[in-house]
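Below you'll find a set of structures to go through.
Shared between the two complexes below is subunit A, which pairs with subunit B and subunit C, respectively.
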Partner chain A sequence: MKIITFLSTLNRRWVYTLVWIAVIIPLLFPMSFKINTTPEVQSLYDAVENVPDSSTVLLTFDLWPNALAETEPMARTALHHLFRKNCNVVTLTTIPLGGPSVAERVTREVAALYDKKYGVDYVNLGYKPNYVSVLRGLATSIESIYPTDNSGTMLSQLPLMHTVKTYDQIAFIFIVADNGIVDNWVSIVNAQFGKKMCAAVTSVMAPKLYAYMGSGQLTGILGGMKGAAEYEQLVHKPGLATIGISIQSLVHFLIIALIGLGNLGFFLERRAKQKEARG
Partner chain B sequence: MSGWELFQLWVMAFGTIAIFSFLYGDNPFYKFAEHLFAGLTAGYYFGLYYDTVVVQQLWIPIVENSKWSLILPGIFGVSMFARLIPKYSWMARIGLAFVMGSTAGIFLMSELHGNVLGQMGGAMAIQNSGGAPNYLLTAIAAVGLICTLIYFYFSKEHTGVLGATANVGIWFIMISFGAHFGYTVMGRISLLIG
Partner chain C sequence: MRTTLPLILAFISGIIMVVSFFINPEQKVLGDISQELLIWASIIGGFSFLLGAVSITRVNWRSYKTRRPGWGYNLVTIVGVFMMAIPALWPTSWLPESMASLAGRNAGSVYDWFFLYLATPMSQTMFAILAFYIATAAYRAFRARSSQATLLLITASIVMLWRVPMGEALLRVIYDGLPEIINTYIMAGINMSVQRGIIIGAALGAATFSLRILLGIERTYMGKG
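Our next item is the complex of A and B:
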């Protein structure tokens, strides 16, 4: 009875404290867990590898700042992968808050490591409202949707954009997103313009996208921090996700234990009630 | 790190801790952070939309590039504000009707091509694993799809064969919910770590 009382009256703040401890411990005493590559991530990696060197890739930063823990490592690794292949990168976002500035910061930081020049090797188009018009409009003319880049420079002044006018000049689309915009990229750009694409998304988004993977509409998926860590391993650029995944694993053990305890409490309580009913 | 960057870092740390303090209970620090965020967001959105839409895609093309055809969409846009004046609120319907009509047209095609036809094609194809056809996986996917669809068929009482099939569908739905739950837990923990 004591266990039942303890479990049913346990203050939720104790659970928060336990989770907090489980996060802090691996930060103080780093642990390493083996990271296996899943077929979805391998497929994404292969798809990027198969993009012809020096071609242009559209990298989207369709993300809010609150999901950066999952999405930034993905975007960062994608940039390493693309710049290493000498691909030109055009970035844009359909998210007003965070997307443009994160794209600017992350792209410039990674580009500097590969001596890439803004306007020549990469361009940040920034944000435009009404994603439906943006996704469709880019097929007709990028310049009509984005007369300027994120900093207000006319596209005509950026050498890379002299050759990139529509989707036709884009070899591959790498979507980094934390929301339902992937559906629109698939249904508008993949389905109607036949562009190959992959998606790097938050964990919450990932399960839904397996249907697109199965139907071949997406060539690969990175799901949450786990997917990001796998991709970092494949690109040989261990970063934030590789560090985070050991913390993640420990917290998962704790959550499994808590779910087990919760179920134990539920079954014990039910048995006690049945006994009481029988007299 | 410069003094300004250090100040930014402290503001971010304060904001984060103030938001997290809601886990303990509602408090003035949480309220302050919440209102600050809402106010900043509203201001930022106003500036962003004004610059990216009104200035870049309406004012400059008309004034500098003489694209006079944009005056009509501009009038439609302004007409939306007619809602604020009850006597002329009917004018807002013109712009709204245009937006709804064009959006419906775009989504009709994109949903048909992207989701309906694309997913039907995917469901009928032989599933692959490691590049080789996997007939077992294809059979499981087909059974799962049919049983789940039957669970959502409500025109006949779920008894007999239909009921048994719907029950199998429930198992597939529960496994799917489990996967969603697992991924959601992983996502929330990632946010805490980040």
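Our next item is the complex of A and C:
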């Protein structure tokens, strides 16, 4: 009976403390695990590898700042992968808070490592409201939807944008998102214009995208921290996701243990009540 | 007229966009009109932000002025809105050259500083707190009360193990090909088929709703039932 009382009266503060410990331990004592590559991530990597060198890739930063722990490592690794292949990168976002600033900061940081010049090798178009109009409008004219880049420079003054006018000049679309915008990229841009694309999304978004992967509309998926860590391994740029995945490992184990404990208490309590009812 | 004109506008705009979806976007006349409508839609979207800013300021200012309970939060909201908006919208040409980088939204600007060191950590903190709630919810609420709940519980636990390298290693101890089986049968099997059903259902619903708007049956967007 003692165990039933303990399990049913366990204070939530103990659970919070356990979560805190599970997060802190891997930070203090880094652990490394073998990260196996899933077919979805391998497929994404291969799709980016197959993009012709020196072609233009559209990288989207459709993300809010709260999920940056998952999405920033994905965007960072994608930029390493693309710049290493000498691809030109055009970035844009459909999210007003976060997207433009993150795209600006992350792209400039990674571009500096590869001696890439703004306006020549990469451009940040920034944000424009009404994503449906933006996604559809870019097919006819990028300049009519984005007359200027994120910092207000006219596109006509940016050499890269002299050759990139519509989706026709974009070889591949790499979507980094933490929301349902991937559906729109697929239904508007892939379905109508046949553009090849892949998606790097948060764990909670990934299951839905298997449907698009199965239909061939997405060439690959990076799902959450695990997907980001797998991609970092493939690109040989271990970073924040490789560190973060060990923290997530412990927390997942803890949650599974808590589910088990909670159910143990539930069954013991139910059995005790049944015994009592039988007299 | 107040009802008929918006209905006609919605019908014409909608039909142009629907027809243009099935033709080459570079085609003259229809392609040009649809592109123009898309630009208008983006501009109207921009104005909705302005309306939002006016509304949030009015509501919070009223609460602050009348000293309603929690008026301090209203004041913080107003200060936060303007603290982020003014430096971002301030033209760089209005500042001396040495300070020009502080205006706008580029790296090193005041807006970027607020975003990077205030907005980002605060929203990430709020999001991270979810981990604590999920852990207690898992302990208190995720119970095998029925066969369906048990199935969900077992599947969720297996997928949670599969999604982390430590769990994957454990699954491989049980059977070497287990992670691949989970990916093939749970994620790319059961999950994919269910997601397809949901996506197709939602798309049919969206298409029906759009058709109702185009035909003027659905008028809630005009504030009418």
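The definition used in the following text is that the second predicted complex is superposed on the first by the 279 of 279 C-alpha atoms of A that agree within 3 Å, B and C clash if a C-alpha of one lies under 4 Å from a C-alpha of the other, contacts with A are read in each partner's own complex, and residues count from 1 in each chain.
Rule of thumb we're sticking to: a contact is a pair of C-beta atoms (placed from the backbone, for glycine too) under 8 Å apart; a residue touches a chain by one contact, two chains touch by 3 or more.
Not measured: the values here are computed from a predicted model.
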item: First (subunit B), second (subunit C), both or neither touched by A:V204; value: first
item: First (subunit B), second (subunit C), both or neither touched by A:E104; value: second
item: Partner chain(s) touched by A:A67 [first = subunit B, second = subunit C, both, neither]; value: both
item: First (subunit B), second (subunit C), both or neither touched by A:P96; value: both
item: Comparing the two partners subunit B and subunit C, which touches a greater set of residues in subunit A; value: C
item: Which of subunit B and subunit C A:N184 touches, first, second, both or neither; value: first
item: Partner chain(s) touched by A:P39 [first = subunit B, second = subunit C, both, neither]; value: both
item: First, second, both or neither for A:I25, with subunit B first and subunit C second; value: neither
item: Contacts of A:T148 with subunit B and subunit C, given as first, second, both or neither; value: first
item: Which of subunit B and subunit C A:L10 touches, first, second, both or neither; value: second
item: Footprint overlap on subunit A, comparing subunit B with subunit C; value: 16, 19, 23, 39, 66-69, 96-97, 126, 128-129, 132, 136, 183, 187, 192, 203, 207, 211, 214, 223-224, 226, 248, 251-252, 255
item: Residues on subunit A engaged by subunit C in the complex (per definition of touch); value: 10, 12, 15-16, 18-19, 23, 33-36, 38-39, 64-69, 96-98, 100-101, 104-105, 108, 126, 128-130, 132-134, 136-137, 139-141, 144-145, 150-152, 183, 187, 192, 203, 207-208, 210-211, 213-214, 223-224, 226, 229, 245-246, 248-256, 258-259, 261-263, 266-267
item: Of all residues in subunit B, those that touch subunit A in their complex; value: 23-24, 41, 44-45, 48-49, 52-53, 56-57, 60-61, 103, 106-107, 109-111, 113-115, 117-119, 121-123, 125, 127, 129-130, 141, 176, 179-180, 183-187, 189-194
item: Of subunit A, residues touching subunit B in the complex; value: 13, 16, 19, 23, 39, 66-70, 72, 96-97, 126-129, 132, 136, 147-148, 183-184, 186-188, 190-192, 202-204, 206-207, 211-212, 214-217, 223-226, 240, 244, 247-248, 251-252, 255
item: Touching residues on subunit C, where the partner in the complex is subunit A; value: 21, 25-26, 31, 34-35, 38-39, 41-42, 44-46, 48-49, 104-107, 111-112, 115-116, 119-120, 123-124, 126-127, 131-132, 134-136, 138-140, 142-145, 153, 157, 160-161, 163-169, 179, 183, 187-188, 191-192, 195-196, 198-199, 203
